[in-house]
Every structure is written in structure tokens, then in C-alpha cells.
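These are the structures, in C-alpha cells.
Below are two complexes that have chain A in common, paired first with chain B and then with chain C.
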Partner chain A sequence: MALPANLKQAPTPQELEYITGEIIVAIEPLFRMEKVRLVSGVYGPFRPPAKTRVPLWLAQSLKLKRKCRIVPPDWVTVDFLTLRLQQETSQSELSKMPFRYAEVAKVLLDIASDDIMEPDKIRILLKDIREARQAKSRQLLLALDAPYTTTENLCSMEICEMRLFFSSAMGIISKLDVEAPAQDEEMYDF
Partner chain B sequence: MDNEYYSLDAILAENQACFSYYYNSDELNFIEKIECTFNIEVPGLGYLDNAADEHVKALHRDDQLPYWLAPTMLYTGWAGFNMPRPYNGLVQNAVVAEPRSVKIGALVGENGRWYAFGKMVVDLLSDPQAKELADILRQTFKGRLPDLMDQAQHFTGTASAAARTSGDDAGAEFRSGLDATERERENVDPYGHLEGTDGCHLRCSVFVMAQESARQVKAWYESSDKSR
Partner chain C sequence: MALDLSDEESSRVRLNRRPRPTDSTLYGSELPSFDTNIRSNPSYGRPSVADVSFASANMVDLDDEGLYGEGEETTVRALMRRWIDERLAPDLLPWQGELVGEILERLQSQNEIVVTLQGNANTTEEEHFAVMLVQTEVERIKFVLRSYLRCRLQKIEQYTPYILATPDVQRNLSELEQNYVQRYGDLIGRHFQQTTLDQLPAHMHSLAEEHPNTPSMITEPNKSKAVFFFVRDADCPPMALPGGKSIELKKGSIHLAQYRLVEDFLRNDSVELV
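After this line comes the complex of A and B, so read on.
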């Protein structure tokens, strides 16, 4: 196909963010409307101040038109993230974060920072968590061995960041392994 | 025309073409020679050694055989094998002690393909020796990976990143000693070698890939959804 090679290999961060649009979030609509049928499902009714649950992409669109307040997920709080940061810096394994936490947090902080308590603190905490996790995934490299490696609690953006590097490194490692001697003998059989 | 059929140069050229096709790596230098010791005396082949002598002498060290010729000579027992200099005991001890401190890119010619050439040598060797060298190659590669990833992520090609790391001597030195397998090739489009994954894996540049992913993710973190 005519796709450029860098798009063939793995999803880009933008594509991951697009996929994250399907995640359901709670909103407080600021307008009145009955149920609406969309391809992905039926959403509504929208009756302020009652909350309703819609996909992130719809919440994003409504928020940009100032037609709703987004209710942030319960992990987007200073308390929760401080706890996770502590775990992250004290334990050797990766702690369990929502799989698409980086994407959701970025979208919310970008468009709905007025709906979040202490957005600046949360931004800093998320950055610290990201760096702590990055340092750990670096340790994974030392344990890397062909033909496979296992790890838990990696998040989608982290996978995206190291997928190509890890897979090509593992390719080279297995290439450097000695192959079955039978093949070699065949090659030089004369 | 019939002269050309028997011409030694033509045969040599053809052999090299076949070989480069087999290993799918035209930039791997076929000037790469394997050092061998002849066990027999061969009259009239002195030019193999670039020597003034007309004959190849038995037990004369430093006979440089082209790589494609070496297996035949070794398997028939006409020649003995000497470990090439980039992989001798000294280098092996150094990379086992501290893989990151050896400038492996500088060990083999200007193309700096230490792993690729090492793999070729491994293919030549018999089992216990081959396994030992292969293990060393693999351990070295693994030992250098974390630093490689760090360098790639810090050195994502933006001006600010370059300025930040320019004072970092250890990092710069590590980068200058990268093997061609690890480093990018300047004259090639950075996306180009992702295409060749079905061929020889040794051709992919790990450094470029890490750099590219890090750059993409960084750009994404710095972009904003507000404008949409």
C-alpha cells in the first residue's frame, strides 16, 4: 500500500488519541435535548443538571462549544496521583494505571482544565509519573531476551514510544544468536 | 569474448555479487577479509596475499582471504583460522568488562559494522567457539541498549535537545562510537530501512527508530487539542 513506512509499523500518538475518543466519560450538559441515536450508540437524554455518559469525542466536541462540563474520571485527582507517584518511586514494578491514562489526561487537561481541581498540580504529577515509569521501562531493556519478553501494566502511549525500538532490538538479538548447526552444514556441503 | 569467460577477475566479481545478494547487505564491505594461515603451499597464488612472493607459503600468517573464499579453504583444511583483530581476546575482554566504553564502531573499517561482520565470523567458526563469540556479541548489544535508548530520547533532533546534550561529553563519545547497526546512515531516508525488515535484520538502525518514536510522542505531548 501507499502508506509511508512509519505509519505501517505502529499507530502514531495521534491515532491512539483518536482511539481513546471511544472511552465513555460523564458530562454535565448545559443544554436540553432528548436521546440522540448515533452510530456507536444512543446517548442522552441531556437534561441539566443531571449527568449523562457519552464518548470522549462527543464530550470534547460539546465542551469546545461550551455546551457541557466534563466530569473528570476519579483517577484525575491530586490525592490519587500522589499515591501512584509514591508507589511508582518505591516499588520496582510498574503500578497499575488506566491503560490510556496519558491520552485521556492530555485531552482533559487541554480542553477542560477548568473542570479539573488543581490542573497544574495534576500536570506536574502526571509528568513525574511518566518519568518514573520511563526510567523503569529502561530497566526492562536489561532483561530483554529473544524470543519474547513479558511485562505488566505498560500503558498504550508507553508501548507506542518503545515498540519499534524494542522489536528491532529483539530482532537483532535473535539474529546474533547461533542458529541450528544443521543449516550451516547444509550450506557448505560439497 | 572467450577470454572473458576464463578471466579470473570476472569470476571474482561474479562471486562477490552472489555473496552480496545472499547477505542482502551491499554496504557490507567485501574488502572484509578473513585472516588465515595456509597449511599447504600453493604455487602461483601469491597475489591473494598482495605479497611480492609468487607462491603462498605454508604456515605463513596474515594471509588475507576474501570472506567468500574462506569457508572453502577452512572446511577443506587447507587453511587455519585466526580470529580477526576486532574480535580478539583483548577486545572480547574489554566488551565483557564494560560494553559501553568500547567504541565498537571504530573497530571495523569506516562502515563500522562490528555486529554484522561478527555474525559473519560466527558463521565461519565451529560450535564452541562460535557460541562463545555469539554470546559476547549478544551481551555487548544488550549491555549497550539502555544507553542507546537514553541517547536517542535525549537527542531527538530538536535544537533545544541538541543544546542541552552538547555539554555532555560521555554521551557524545558514546554516540561517536556507535556501530552502524545502532546508528543511522546519513545518506538514507530515516524511514527507508524500516522497509527492509524482511531482509537482514542487522541492517535496521535501532537508534533511528528510538529517535523517531521519541520525537513523535514528544510532539504529541507538546501539541494542544484546544485549537481543533
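After this line comes the complex of A and C, so read on.
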């Protein structure tokens, strides 16, 4: 009907990646152009070798035309990610990552791996971090309670991955709760 | 051509006398007057090489960042936020007429400039490239806008009887959507009547009848659905849980809660769904 069935439940990973296009990244333009006014703001001027800041989708489009180098964000370095991986494997809580780190990293590694130092190491580190975090976010399920649970430091893609399961699990828990004694029933009387 | 945005004022005066976009209106120095967004969000979209920091690994500061990292919320990001909210909320959220109007107006003016430039034989190659970027962005925004509208339409079709019976929800609809829900409700009602209900005994004709132990025939949004949300406001009031407890909502934190608890926060913009 109005919305295809596969889009009804929640935004798809592709759509999340699409939104990530609005994130601002630094680029080194390889062509000259004056400022350009877009709906989301004014970008440029593009004068090599001065860096300028543009939305990720624009950087992506320029990169594919070989008109710029993308300057990877601070956290896309082997040092930082190694540190995060250590934290991730030694602590029981999730550590703080940029909310859309998975999407940004995917776009950068897909189209601009030549602009990143040691892209293969980065790829491996990101994969390890993802797995460590995945194991921890499954642990969150133990603490799941209706009608509220804290999910500190989860990232966009992780939420996307867990959403259906967590949301239906909470639905079941709250249904079971309603069977509780009469005094509890008032609680649900909004 | 002057490049600094501080020249904006003088070029604006010039532009007022010259309402049609001409050769280089795409460029920042000749901002037409509707471009108020640049003013209010100085940190966004401007080249500020100084804050491209190359901090060492330990220094990378991820605190105090929004969902998009840096920068204020532009109209485009606002539209994306509303779109995702709408996609994740089980019921119909208030129609964002003002935002959609503003976006449409900007798309329209970008389009006019593009048409003018493309029709002009003197357009330089650089301008053609800029036109291509403008068109890419316009298409990006149109996609989100369409998906937003379709998502609302889908909810309207799904909950037609409920919406028609609840004036509170009807206030969340735009005028066009209100007309649509009326017409759609009529059509569906007549269809049910003709195909099935007319063949049944008279006391079973109503779709609103309630029976004990059977679910209602009117589909309502499931407000107990759990949603993930992100706290946008620094001074968001605590969320009261049933049973007297309350939860502090710190800016930038992410929680999972039943939609009915989040609803009010969503309405006054202090949280967004993720």
C-alpha cells in the first residue's frame, strides 16, 4: 500500500546510511569552485589545498568523481580504535562511540579507503569492536523490563539490529505484568 | 566576485532590485534573501578549517555531541528527524506543516535557479557542476519528503476508523490528510457494507460494537510498543514511571521505553526516536 511492508516496522539500515549523509566531514578538494548554496547550508569555497567542511553525501559524490580527498574523522585511527577495543573487552559497560559510527565507517571504507591510514587494520578493529559490543548488548536483554529500560551508549546500527526483538520482548513482559495483582493494574491507567 | 559572507548584506540590497536569479546566484556571496538559515547556524556548513582537529587518540571527545556529531540542526536534519520519528512512532504524530512548507519553498527556489542556469547559454562549466550538486541535494530531500508523506498515509489508512472517531488525533492531520481520511473512510465503509454487512442480521451492522473477550474491530495504534529514544534537551524533565518511580533523562542518553511514556516528550521536542 502506501508504504511497502518491509519498511513498515522500522527504518532499514540503508535508510540509516542515507540519513548519515547529513553528517559533516572535512574534505580536501581537488578542484576549484566558489561557494555553493544548498538547502542545508553554504559550502565551499573549494580551493585546493585548503580543507573545507561539507555533508558526507556531498563528500561521497565528489569522491566518486575523484574531485576530493576525504579527511577521516578523528576516531577513524588505529590508535583510537585499539584503545576502544581494549575498553570494550575489559569493561562490562558499552563505551561511547559516535552514534552513527558504523554507517560513517562503512561509507568511508567503501569509497575512500585510499584516504584512510591502514584501512585494513581499521576494518578488522571495527569488526572486533562490533562483535564485542554485540555480545554486551545481548547482555542488556537480561536487564530488560517493562515499561522502561536504559540502553546507554547504544549506536544507531546496533539499535536497528536489536529493535524488533527488544521491542517485542518488552511487549511480552508488559503483557505478563498486567496479570499481576489488582493494585498494580492502576499503574497502567494513564 | 566577493566571497565573504559578510558581503551578504550589500548583495542582498542588490538582489532586491533584481528578483530573478541570474548567472551566479548559486554562490554564497549572492545569497537571495530567503537564506536565513545561514545566519542562525553559523557553525554549520561554513568552512572552518580551524576546528578540524587532529587530536591524539585519547583526546577524541565524543561527549556533548548530537546524533549527527557536530553542527546545529538545519531544516534538512529537522526533516530527517521528523521522518524517522514518524517511521518509528506507532501512532500519527502532529503534521509538520511549517517545516514541510519551508522545505518545499527552498526546493522550489533551488529549482528556479537551476532552470534559469540551464537555459542560459553563458553558464560556465563550473556553474554546471554546481547545478548538478544542487540537483542531487534536491532529489535527496524529495526522497525523504515522499517517504515521510507515504508513512503518514500508511498510518492513516491503517487507523481510519480510529482517526475518524477521535477528534484529538484528527488535529494531527494536515488539511489534505483530513480530506483523505474522510473519503477513504467513506469508501471503505461503503465497501464493507455492500460486500458483507448487508448480508448480516441488522444488529451486526455496526463496526464499532464491542464484545467481551474479543478484540475491538477498530484498530488502534499500539501505544505499549517499546521505542528507543534519544534525549535532545539539556533540561528535559524526568520521566515518571508507573509505580511512582521516575527516571532522569540526561541529554544525549538513549533509553528504551513504552511509547505511551515517551509520547509527551516527543510532542514538545525534548526527545527523538532512534
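Methods note: the second predicted complex is superposed on the first by the 174 of 190 C-alpha atoms of A that agree within 3 Å, B and C clash if a C-alpha of one lies under 4 Å from a C-alpha of the other, contacts with A are read in each partner's own complex, and residues count from 1 in each chain.
By our rule, a contact is a pair of C-beta atoms (placed from the backbone, for glycine too) under 8 Å apart; a residue touches a chain by one contact, two chains touch by 3 or more.
Model, not experiment: these values are computed from the prediction.
*Asks:* Decide which partner touches more residues of chain A, taking chain B and chain C as the two options.
*Replies:* Looking at chain A, the partner in contact with more of its residues is C.
*Asks:* So in the superposed three-chain picture, is A:163 touching just chain B, just chain C, both, or none of them (first/second/both/neither)?
*Replies:* After superposing on A, A:163 lies in contact with both chain B and chain C.
*Asks:* Is A:171 touching anything from chain B or chain C once the two structures are fitted on A? First, second, both or neither.
*Replies:* After superposition on chain A, A:171 lies in contact with both partners, chain B and chain C.
*Asks:* With both complexes overlaid on chain A, does A:45 touch chain B (first), chain C (second), both or neither?
*Replies:* A:45 sits against chain C, while chain B stays out of touch.
*Asks:* Considering only touches as defined above, state whether A:117 meets chain B (first), chain C (second), both or neither.
*Replies:* Neither partner.
*Asks:* Taking the superposition as given, does A:17 touch the first partner, chain B, the second, chain C, both, or neither?
*Replies:* Touch partner of A:17: chain B, not chain C.
*Asks:* From the superposed pair, tell me which chain A residues show up as contacts to chain B and also as contacts to chain C.
*Replies:* 8, 10, 144, 163, 171, 174, 184, 188, 190
*Asks:* Provide the residue numbers of chain B that touch chain A in the complex, in ascending order.
*Replies:* 71-72, 75, 115, 118-119, 122-123, 127, 130-131, 134, 137-138, 141-142, 145-146, 149-150, 152, 181, 191-192, 194-195, 197, 200-202, 204, 206, 209-210, 212-214, 216-217, 219-221, 224-226, 228
*Asks:* Which chain A residues qualify as touching chain C in the complex?
*Replies:* Its residues touching chain C are 1-3, 7-8, 10-11, 15, 18-19, 21-24, 26, 32-45, 50-53, 57-58, 61, 71, 73-75, 77, 79-80, 82-83, 96-100, 144, 146-154, 156, 159, 163, 166-167, 170-171, 174, 184, 187-188, 190.
*Asks:* Chain B touches which residues of chain A in the complex?
*Replies:* So the residues of chain A in touch with chain B come to 4-6, 8-10, 12-14, 17, 60, 64, 106-107, 110-111, 138-139, 141-142, 144-145, 157, 160-165, 168-169, 171-178, 181, 184, 188, 190.
*Asks:* Within their complex, state which residues of chain C touch chain A.
*Replies:* 1, 3, 5, 24, 26-29, 31, 35, 37-38, 41, 44-49, 52-58, 60, 62-63, 65, 67-71, 74-77, 80, 84, 87-88, 103, 106-107, 110, 126, 129-130, 133-134, 136-138, 140-141, 143-144, 147, 150-151, 153-154, 157, 222, 224-228, 230, 239, 241-243, 247, 253-258, 260-261, 274
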